[in-house]
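Each of the next two complexes has subunit A plus one other chain: subunit B in the first, subunit C in the second.
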Partner chain A sequence: MSKRLHALLLVCILTPVLLTGCWNQKEPNNLAILNSIVYDLRDDGQYRVIAEILNPSGPGGQEGGGGKSPNLTAISQAENVRIALAQISQSIESILFGSHNKVRFFTESFMQGDMPAALDFLLRDHLTDETPLMVLIRAQDPVEIYSASLGLSDTVGDYIDKLSKLQAKNMPKAVFITTLDFIKDYLLEGKEPVMGVVELVECEEKSTSEDKTGEQGGKEHGPKLQYEGLAAFREGRFAGYLDGTETRAYNLITGNLKSAYYSIAAGDGVTVLEVDKAKAGITANVDGDEISFDIQLNMNIGVIEEGGTVDVSKDEPLDVIESAFNAMLIKELGAAVEKVQHELKSDIFGFGAVLRMQHPETWKQVKEQWNDTFSVCPVRISVVSDVDRTGEIKEPFLTEDQ
Partner chain B sequence: MTKKPDITRAQLLCMAVLSSLVFPYTFLPILNSPPANQDVWIALLMSFVYILAINAPLLFLMNRFRGMNINEIVDTIVGGIAGKIVIIPFILFFIYCFTACLLITSLFINIYLFPGTPLWALLLFMAVPMCYTSYKGAGTIGRLATFIIPLILSTIVVFTLISLRYIDLNVFRPVLAESTFAQLNLGAFLTAARYSEILIFFVFSYFLKQKDSINKTYGGALAVFGISFFLILTTTMGVLGVDFAKLSWNPYYVFTRQMDLFGFIERMQSLNTLAWFPASLLKLTLYNYMASYVLSGVFRTGSHKYFVVPIAVAGFAVCLLPVMNKSSTVEFLRSDRVFPYIILPVIFIIPLLLIIVYLLRKSKIDPLIDKAKKAAERADAQLEEAQGGSPND
Partner chain C sequence: MLISGIPSKIGDCEKLMQYELGQSDDLVFHKFDTVKGGALVVFIDGLVNKDLIDRDVMTPLKSAQFDGNPTLAVKTPFKDICDVKQTVESILSGNVAVFYEGFEKALIAELRGWEQRSVEEPTAETVIRGPKEGFTENIRTNTSLIRRKIKTADLMIENLSMGLHTNTKVNLVYIQGIVNRSVLQELKKRLSAIGSNVDAILETGYIEQYIDENAFSPVSGIGITQKPDNVATSILEGRVAVLCDGTPHALIVPELFMSNIQTAEDYYNRSVYASAMRLLRLFGLFITVMLPGLSVAIITFNQEMLPSVFLTSIISASQKTPMPVSAEIILLTIMFELLREAGTRLPKAVGSAITIVGSLIIGEAAVNAGIVSEPSVIIVALTAVSSFMVPNLFEFALIYRLFYWILGTLMGIIGIAAGFFIMMTQLISVKSFGVPILSSFSKQELKDSVVRFPLRRMVFRPVSIVKDNVRKKTRQFSDKRGSV
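Right after this comes the complex of A and B.
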């Protein structure tokens, strides 16, 4: 055979390897594809698992829809998570397939329980990888999240996943933490992990969108999911929440803020600013027995709306806006740091990790009781911002003459 | 002995690189070697000094005894019966490596890819291509290595480039603050002691033409291996973090599982598997071939082919033993408590003893070396003449 024929044969043999979509002999038709999952610990000590499973015969599926829901939920409970998952098979006739899971939800009670065992299972199983988001649910009954209105998405898993991929830039008051992020922080010395938070809130405004079965106004008055804030952990257990504003401060300090809007009162109106670039640096200082930290923030900010008559085309008014913004931000960051230090006593900012990097000898002495030590360390915050006007007009729309 | 097949320097280099990269690609043992923290990359860099020191005796023997194969070298130095006794540890080592690699490969497939597939089926599917390639001999193995190595190296480069935006450089800090000099040296030594690919040179350099430099080929293989290993290690640490990477059975696979491109090219670990599996098969083939080749020299069968299938069957039988087919056994076999101390006597202590004996009997041995060298040069010239130029051009 010629070399060309050999090469062609080789390509033919190798091509199917690239085209495979399945891991084993199980037919996709027989799989119950998981989209999101809730882990809950009930008052009676039983672990409850709620699985959101894609329904291929729902809207968008291969079989057309015909009024069927795009997802279905299966619930099971047992003395531990793994057995509860195995028992889900009793309520569905297909094989549960976790490889496409987008989100892992946890309840507060679960986080007070045996979290390491759940993490061990998640890392050990070959179909449960590290890419799904980890989110804490604030709801009386976690099952309710599956009856919430979901914007343009069909399933809760897709909704949260799309928020993280498409809207992360517009959501500075939330964190999107993958299982890998959580595990890394869990194992890292000097930093406690955090998780995103979702809660059910009543819709205040009437929506004109169609529900997922195509009927007008089917869920327009139902609750909606609000993804905001973060859940902090301390030594593997839930420690408390930060609200949206505190979470924005967390994102700024940890260097995860992609974009944010602030409004400040400067002059006779309100000025809206957009943080374009933010760079944070933490420095650990050791002076004898005293450990302190300096947080330095450097930011590029644009004026995107001037509601008053401040002439944002000139430098002097911009300097005034800059000073007002810096003072406001220092106050906001200070409040968040104080809450984390004194209320949560959980080093979610990673001050300990910074101390370990910059003063390893000191870290060795204090690491055993770090969360207590950290809560009394002085933290100084400084903000350097560079404000500029943006957009296609120079002076404000309203002038003093008007 | 079989008719001497010619291989090129590039083919030998590819064989050595490929074989040496399979273990980092599969389980990154260095992560759990001392100092087992963010400084392991420094231990890796230091290990190359130890590799050169540990490999020096075999390199000397190869260069000094050009034109002779492994059996002839040992026979020439220590004589007939003693030569056969001295060669036994090499054979046992090749069979051990073959079996251990088979166990590790099948366990990896069982854990990460096909947990539902029975072990015998996995072994069978590995056996057929592996035995066929080994049966065809050194030339085929060399050509196959040059085909597979670009694949595996390109995956390392691609994954490195994709991972740049995920890497957290703080993982590597503090540098040298939590490791002692002794720990770093121990880690470097244990990592170096795992580098058994010098034996591939010991067996296959015989098939090189006399004008080809063994040292240059060895240096090139070590450099490619070093750069690739460094990239595998640092990217894995940078993305997974040290603690999680240490926890994983196959950290590099888990690392590749995190990669995506442009938000829509996902599940890129399939590329990892695509490169890893043929590379693992070729590593198995190499050890099977080396064991068969040396055995054929001991029994003077004229061909290694008689031993290919029996060695493969023996390896598979061992793998199917319930006591071997346990994760704790594999963990023990691949650990720093066992693997380096099995390799070290074969690649360092025995060659060192052979050099001492050679120096004691130098006057008797040197004429035999010259004779073998001239014969090899004549054979090279005849081959070139017959082919009208270099056969490997």
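Right after this comes the complex of A and C.
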């Protein structure tokens, strides 16, 4: 009995002692829930941090709004990020709680600065985690994104988070990169990381938010957030942007494309095609000193709309559509690869990683100056597409008789 | 007065009985003369049926045809006893003693009759389907209720007398051939060890505490029921029931942990529904034991486990209140226990008003006054409601709820995990009369533990309890054709 009692006492006493990491009790009403955060580097070398904090008495909270804003933004700047965060915590007299953070925004200037140090901070701090998305802000003043008009979401963090969770399939022209994805690419030999890009665009059509009853201030009419394109990095620094179409090519080549629509002119009208199940394979060829790459794309496409009089239920017209589509895609991909090779000089497609796996000896020789070597490597692109779905009607709606 | 036998003179008999029984107000000594000689009737007023005494004892003795032999005259089954001590015990337990001039024996007639409650539906174990009758305070009525369900000669009812002063009648009920003999022997050993060494046995609760081997465990290995159908099911599964005169609560040993989430009704309803109900009760047990601790752990340590919207609601609710979440929860729990205890002791009609209205009104007012936050009220209310789903595990739930609350407050989710480990270790180590209480989870007994299989598939009795005749004497049915 006494032995068992002693063992039990030992367990009870040792458990709390050994689990000292868990002595971080935080009362909920002392927390400030961080929803998204912006890291910025000012011209004067000061780090600026903008924190979007959920307002507990806002619409998310229990009081059901009452006119209060759903979030509040706190801004602070200091000589390093940690001090700036501490100042924010101090200014809102609560513990800044980062585990609910959804998006980490960075500015161009921050990413042109000392990125390895920033990543080191993100990974070293035990209260930050790897799930938030990493997004580059392409705007003059990063604070402006918090006054942009959003969809149905209340906060910018929720907006981007919902896009990545619900709309990724409909957004072939964007990339959603979490902190973990970014760090994996960053550490992988022979691949450079990329990041999603958000920018502010002026609202062209105001009719969508013309519903006067639902208006609250001028927020609905402000510029809106556009999440499109990607930012490429080279050796730990920002290298340049790819636009939406180029990003779609990037997604195709890296095998991340979930679904995309293309319109091509084949025959006497415009045909809209849907691509899904795209498979990409990269092969590295070494011939003496010359390294070249082959990109093979295999995809199933479906006919969504046939504007002309092509009968897509027959084999021959389909061949025409397929070859027109292949030619268009090769051109689009070629342009993207060209830009990445010569303008950005950053191997975001991971050609180096392919070379490392397929020709490890060659990789050892070239890895030191890989980005320079990569930019002059010939890249051949071949596309095989197969129309496997033509929808529920066979003949075009507009027949030649009409 | 050193007399071991019954004296022949009626006057000496009276003096002897008065000496042995004392001068109590309810003692009746009725001395009268018959046509042949003097007679004395001794009984305790209130314990006997006076009409029957008059009809079956007095009238024949007083009649003119009385021939001087009381054994022929008394018209009711009787025993004749020479021993004074036994005579006194018989009178005290409600028999009528008849003495006759020169007979030198006492005639003991069983003419008991006292006020007693009729068979009613028990207040605790109410059912929708199935028999509604419950045990009464009379042990004979109770054994008859069981015998009416199990009409076999194998049903054994063994009598014991316990308690130095109370001489309480205790019956062991089991089925010969099915009962686990080692459990029965162990039970008899423990009962005889207390036997007349204790002052009083007033309720089965006394017996339970004296024979319980796990005095410090929150979960006991002894089941309690007020319903004869529960006893019948249990003894048919090889268990032993202990009935005690003067209480409607019967004990059942050995009791497995899962029996607490099973009800007799499970076997009357269809198996899919019964299984669903058992799963629900298991979930209710989980809620009532772990919810307060788990919620404190998540709300104060591991907020990342909550969705942002939920966390904002909790923050906004707790911003208006002065106390930490953990303190709110324990205070509300104590308040609920106060109301519950008050409700149990009050008359039925007032009791329900106190519990429901009291908790509602006080809970609502406490929230409005900003003393506690709504989420805490919801958590405690849910915990309290769930505790009624498994009434037999009330003590267990209360103690472990407190345990998890402490661990959750001190160590968060890691503490809860450590607590679960400690709780499981403790539960696994508990045995009821040699049977591990978690043996319902063994492979052979899974057909009747968390879920219940259709009756025709349940051909084995629980193997952890029954050692002989494991297979039920049911004819084997095939599922498709109805019979083999």
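A few comments on the model shown:
The rule is short, and it goes like this: the second predicted complex is superposed on the first by the 364 of 402 C-alpha atoms of A that agree within 3 Å, B and C clash if a C-alpha of one lies under 4 Å from a C-alpha of the other, contacts with A are read in each partner's own complex, and residues count from 1 in each chain.
The rule we apply is simple: a contact is a pair of C-beta atoms (placed from the backbone, for glycine too) under 8 Å apart; a residue touches a chain by one contact, two chains touch by 3 or more.
A quick note: this is a predicted structure, and the numbers were derived from the prediction, not measured.
In the superposition on chain A, A:Lys184 makes contact with subunit B only, not with subunit C. Of the two partner chains, subunit B is the only one that A:Met357 touches; subunit C does not reach it. Looking at the shared chain after the overlay, A:Gln140 reaches neither subunit B nor subunit C. Applying the stated contact rule after C-alpha superposition, one finds that A:Gln369 touches neither subunit B nor subunit C.
Contacts of A:Ser2 after superposition on the shared chain: neither subunit B nor subunit C is touched. Contacts of A:Gln90 after superposition on the shared chain: neither subunit B nor subunit C is touched.
Of the two partner chains placed by the overlay, only subunit B lies in contact with A:Leu123; subunit C stays clear of it.
Common to the subunit B and subunit C interfaces on subunit A are residues 24-25, 129.
Residue ranges on subunit A touching subunit C, taken from their complex, read 8, 11, 15-16, 19, 22, 24-29, 31, 33, 35, 54-58, 60-63, 97, 99-100, 129, 158. Within the complex formed with subunit B, the residues of subunit A that make contact are 14, 17-18, 20, 23-25, 123, 126, 129-131, 165, 180, 183-184, 187-188, 353, 356-358, 360-361.
Contacts from subunit C toward subunit A in the complex involve residues 299-301, 303-304, 308-309, 311-319, 321, 324-325, 374, 409-412, 414-415, 418, 422. Across the complex, subunit A is touched by residues 111-117, 170, 173-174, 177-178, 240-241, 243-244, 247-248, 254, 257-258, 263, 270, 274 of subunit B.
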